[in-house]
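As structure tokens, here come the structures.
Each of the next two complexes has subunit A plus one more chain, namely subunit B in the first and subunit C in the second.
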Partner chain A sequence: MTSFKVVPTATDGPCREDSIENLKIPSAQEQFKSNHNGDTIVLGIEGSANKCGVGILKYSPPSSAETCGTYTILANPRKTFIPPTGEGFLPKETALHHQNHIVALVRVALLEAFPGEDKPESLLSAICFTKGPGMGAPLQSCAVCARTLSLLWKIPLVGVNHCVGHIEMGRIATGASNPVILYVSGGNTQVIAYSNQRYRIFGETIDIAIGNCLDRFARVVGLSNDPSPGYNIEQEAKKGSKFLTLPYVVKGMDVSFSGILTKVEELAKTERVEDLCFSLQETLFAMLVETTERAMAHTGVKQVLIVGGVGCNKRLQQMMEQMVEERGGSVCAMDYRYCIDNGAMICQAGILALQFGQITKLEDSWCTQRYRTDQMKTIWRAP
Partner chain B sequence: MDSDGRDMVNVGTSKVEEKPQCCEVKIVFPTNVQAQQAMQVLAVDPEPTNRVAKKFRILQEVDPKNNKKYCMAVRFESNELKMLRVAVSSFLDYLALVIKTMEEFDTGMES
Partner chain C sequence: MESTEAKTESKERSFAPPPRDQWTLITQGAEARIWKVPPFDNNDSLICKERFPKSYRHPDLDERLIKSRTRSEARVLEKCAKKSEIRVPKVIRVERNILYMECLDGPTLKQYLRDAVISDSTEVDYKNLFQNLGTLIARLHNLGVIHGDLTTSNVLMEGQELILIDFGLAKSTSSVEEQAVDLYVLERALQSTHPELPEDFFDNVLKIYEEVAAVQTKKHSHSTLQRLEQVRLRGRKRECFG
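Up next is the complex of A and B:
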């Protein structure tokens, strides 16, 4: 085995399972084996967009009646495909990026999670992978790797809905048991609330996702894609001061961003980039805060969880906090490690499915570009 | 990679009636198990359009030195050459990934 320096990607301590108030984990399971320590460890592969990530997650059962089981991330390396300024990521190039990096990422994750271990794969109980939604070719690349590992190591596969992965990661990392969820990323914009074993979509975008709107705006004004277009817009927006009126499109619980993009592209010919970034952020986020508030009022829930890549944006978190504070609630937000697509979130949703007896047969392990959040039954939550 | 050239790919085009364009890809694996595993992994994904059809089978061939060879053979058929090219090209990308994963993690491969 080649030896190289492992940069730590998992630095957080264990998360208590009782904080998220799931159902009790059934004891007898035929689908998988825990390892000789009594722990259940899974490896998760994510690659639905331009990030390719591998996570390893451990569940330690309670050691006595008084203690509580915990979930710990053992490794969570990730590699991002960054297209040149002015360009977006295309399916074929992104798939090639994932194909080039996925095997090395699995190796790096195993080295970090089990240093000095001769047969790290023998400690794993399952391979989790993203079944959808996302871009077809990148998804399929990661699924092909996951399937091969599953056959080589003779452990089951667990197909995971990407959105549910985000939500479960957010719940366990912040300890929010039943929040209203704002899921904002490059491909998705949804306000979600839980009911009867499904994450129900309360409101969503009717055209493009918020991240897509930001990415395309960044392309027009020539902002770099490194580390991400959204981050660079956030930095520029801090320098902006002049508010330019943009269309504010909330239709019931749904939002629309394409008209705003057209308008802002038009204004880009005459206005300063900083002011455009500032106005764009303010308008987009206000729309999201409005629909989230309505979901809170409807469900009577006091906690809001922000997940997805755009969820790292400090201004969005700040605006959300202001609204939630006025309602006497709290916001749970995370930083870039967990907001942005990563392997550990696929592990988290996957291990829950596994522990409750749900696995994916090899012949059913195909990927799908369309897979709505409410299509995956969350059998680990109380009906 | 094994010296018997698992990544050796034979590509041939010939004519059949229903789907006039076809291409068969044959990949030699060191063992039957690996050929089967590669087939299982790659056969899961349906082609994105019905304008291309693909079929998998495992062949056992004997080389001139009388050694057994295990082949995964995949036959692509289509009415359009362009579709055929796209299907074969992306198939080869996925195949390369399977082989790369096996090379890194198949501990039984050396024995």
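Up next is the complex of A and C:
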């Protein structure tokens, strides 16, 4: 065990809490114990889709009246289940993957966060886990691990909404206090704006998620799932030039992708893969940018934060930047801490809930595949 | 092909608005600018809604969207104009990205209600207002059109008569769901922008709506209101997406 070599996964410095303008953290909570030096450290487990991750995050309170509290990622290892070309990740296999890796991930995270520490678990204040939304079996596998650790180490559980995890990590990592959020991933497509202690969904997909549309298209044309189908579509699209007409479906603030997928699958019989990828990206992303612009116009917000796996796409970022620039605003830079599923983002939303006294009792620690972003009350933000 | 071009050109000559520098920009939205064009030829002042290109979009897509949206907006407006009981701006001319419409004066309903709050002298006839509003929306829905953005900024007051404007999100449909969402959008707009309205104002709008819509099909208007209950519960959005 001691000869085990740790590959560093926590490479970002501390993030200041004052930049995101949360409410003041209440002092002396009964629900949990901080460490003797005042630090609060939590461990977070994520496994709602094909990525299984464990994060460890530390909150250091301000040392004097002039300084400011910080959040620091101490460890953030992750394992990704990559299915063979032509297949998607199925719940059963994905759950098995998570079950096989979760214990090793917890150990390696503790090793990295607390090198040389005999009882690293004694430094933790809570276990955060993803309550939903996501795939049932993988979520359950990780929740079982979270409950076990909570009972074993006698520390509280904090259930977290996966989408809120993305948003809170995005806010703290970029310092954007109140952006319009475009959440685009394999399972979700939402345009979100904050209002009165909830992340309100302004617009969303009325059928399949954008990532799902991209993944399924990649399977049809035989693109690899390694490192991700979306990445391979992006590379192919760079070689495309012919713009094929695809359905463009924006209904008010909402979008629909299923018709596009059908059409593009049909065209796949005759057209070149690179032109299909190019046209698909151009059409899908234009729909997203248009609805984001509507949300900005409606709320008067000038800043945009893109979270979720599809947010890594350079072309989407470029289109968003063009739109936002014309409105005199700015787009937060892409960052793996909030674009790709990981344990630290679950820690970030979880530690905020914990600090404001929101914990999850063992009997309430069930998971759910359906859990809307606006169902979690964000008690750490100003009403 | 040549003959059509010639035709458009001759049309072009018969419609010669004054140069751009004489137009006044009224407002700019996310996808269009609204101009006021001064009187010319036999026309009074006109309103010009000009959709502008979006640099982030592929040029082919941009062209296609601008053209189809301008056309569909004109089509819905013309459909409404055929029924004399629904007041909408008259379409004067449609170009690729431009809609010329009749210029209607009068404050927006939003402005009217705001002004009434500020000045004590104006007494708002709420009864008349909910009568007119409920009737107008019911007639629109009876015609098979939903507005898509029913807010008090999109209703003009001409005396006591109400005029609907901005059909950018409108479409031809008789779907119960879309009609219910139309009503829900109005309800939310009234709540958030006009706390000064009497508490039962929207309920009264709905009562009138049901009465007038029932003239056409009783069952349909009833199911629209039932659907509105569901839409309220889920806040317009579906339960979830995994």
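Methods note: the second predicted complex is superposed on the first by the 378 of 383 C-alpha atoms of A that agree within 3 Å, B and C clash if a C-alpha of one lies under 4 Å from a C-alpha of the other, contacts with A are read in each partner's own complex, and residues count from 1 in each chain.
The rule we apply is simple: contacts are C-beta pairs under 8 Å (C-beta built on N, C-alpha and C of every residue); 3 or more make two chains touch, one makes a residue touch a chain.
The structure presented is a predicted model; accordingly, all values stated were derived computationally and were not measured.
Asks: In the superposed model built on subunit A, check whether subunit B and subunit C fit or clash.
Replies: Aligned through their shared chain, the two binders fit side by side on subunit A.
Asks: Mind working out whether A:R107 is in touch with subunit B, subunit C, both or neither, as first, second, both or neither?
Replies: The first partner, subunit B, only.
Asks: State whether A:A137 touches subunit B only (first), subunit C only (second), both chains, or neither.
Replies: Only subunit B; A:A137 stays clear of subunit C.
Asks: Counting residues of subunit A in contact, which comes out ahead: subunit B or subunit C?
Replies: Subunit A has more residues touched by C than by the other partner.
Asks: Return first, second, both or neither, reflecting whether A:I127 touches subunit B, subunit C, both chains, or no partner chain.
Replies: Neither: A:I127 stays clear of subunit B and subunit C.
Asks: What is the contact status of A:L157 with respect to subunit B (first) and subunit C (second): first, second, both, or neither?
Replies: neither
Asks: Is A:I41 contacted by the first partner subunit B, the second partner subunit C, both or neither?
Replies: Neither partner.
Asks: Between subunit B and subunit C, what opening angle does the Cα centre of subunit A see in the overlaid model, nearest 10 degrees?
Replies: Nearest-10 rounding gives 120 degrees.
Asks: Taking the superposition on A as described, I'd like to know which of subunit B and subunit C A:Y371 touches: first, second, both or neither.
Replies: So A:Y371 only meets subunit C here.
Asks: By the touch definition at the top of the document, which applies to A:M345: first (subunit B), second (subunit C), both, or neither?
Replies: So A:M345 meets neither subunit B nor subunit C here.
Asks: Once the two complexes are aligned on their shared chain, state how close subunit B comes to subunit C by Cα atoms, in whole Å.
Replies: Superposition on chain A places subunit B and subunit C at a least C-alpha distance of 16 Å.
Asks: Using the touch rule from the top, collect the residues of subunit A that touch subunit C in their complex.
Replies: Against subunit C, subunit A makes touches at 133-135, 187-189, 201, 204-206, 209, 243, 245, 248, 252, 282-283, 286, 289-290, 293-294, 297, 318-320, 322-323, 326, 369-372, 374.
Asks: Using the touch rule from the top, collect the residues of subunit B that touch subunit A in their complex.
Replies: Residue list for subunit B touching subunit A: 37, 40-42, 44-46, 48, 90, 93-94, 96-98, 100-102, 104-107.
Asks: Give every residue of subunit C touching subunit A within the complex, in rising order.
Replies: 29-31, 54-58, 60-61, 64-65, 148-149, 169, 235, 237-242
Asks: Give the list of subunit A residues in touch with subunit B in this complex.
Replies: Against subunit B, the touching part of subunit A is residues 95-96, 99, 102-103, 106-107, 119, 121, 136-137, 140-141, 143-145, 147-149, 151-153, 362-363, 365-367.
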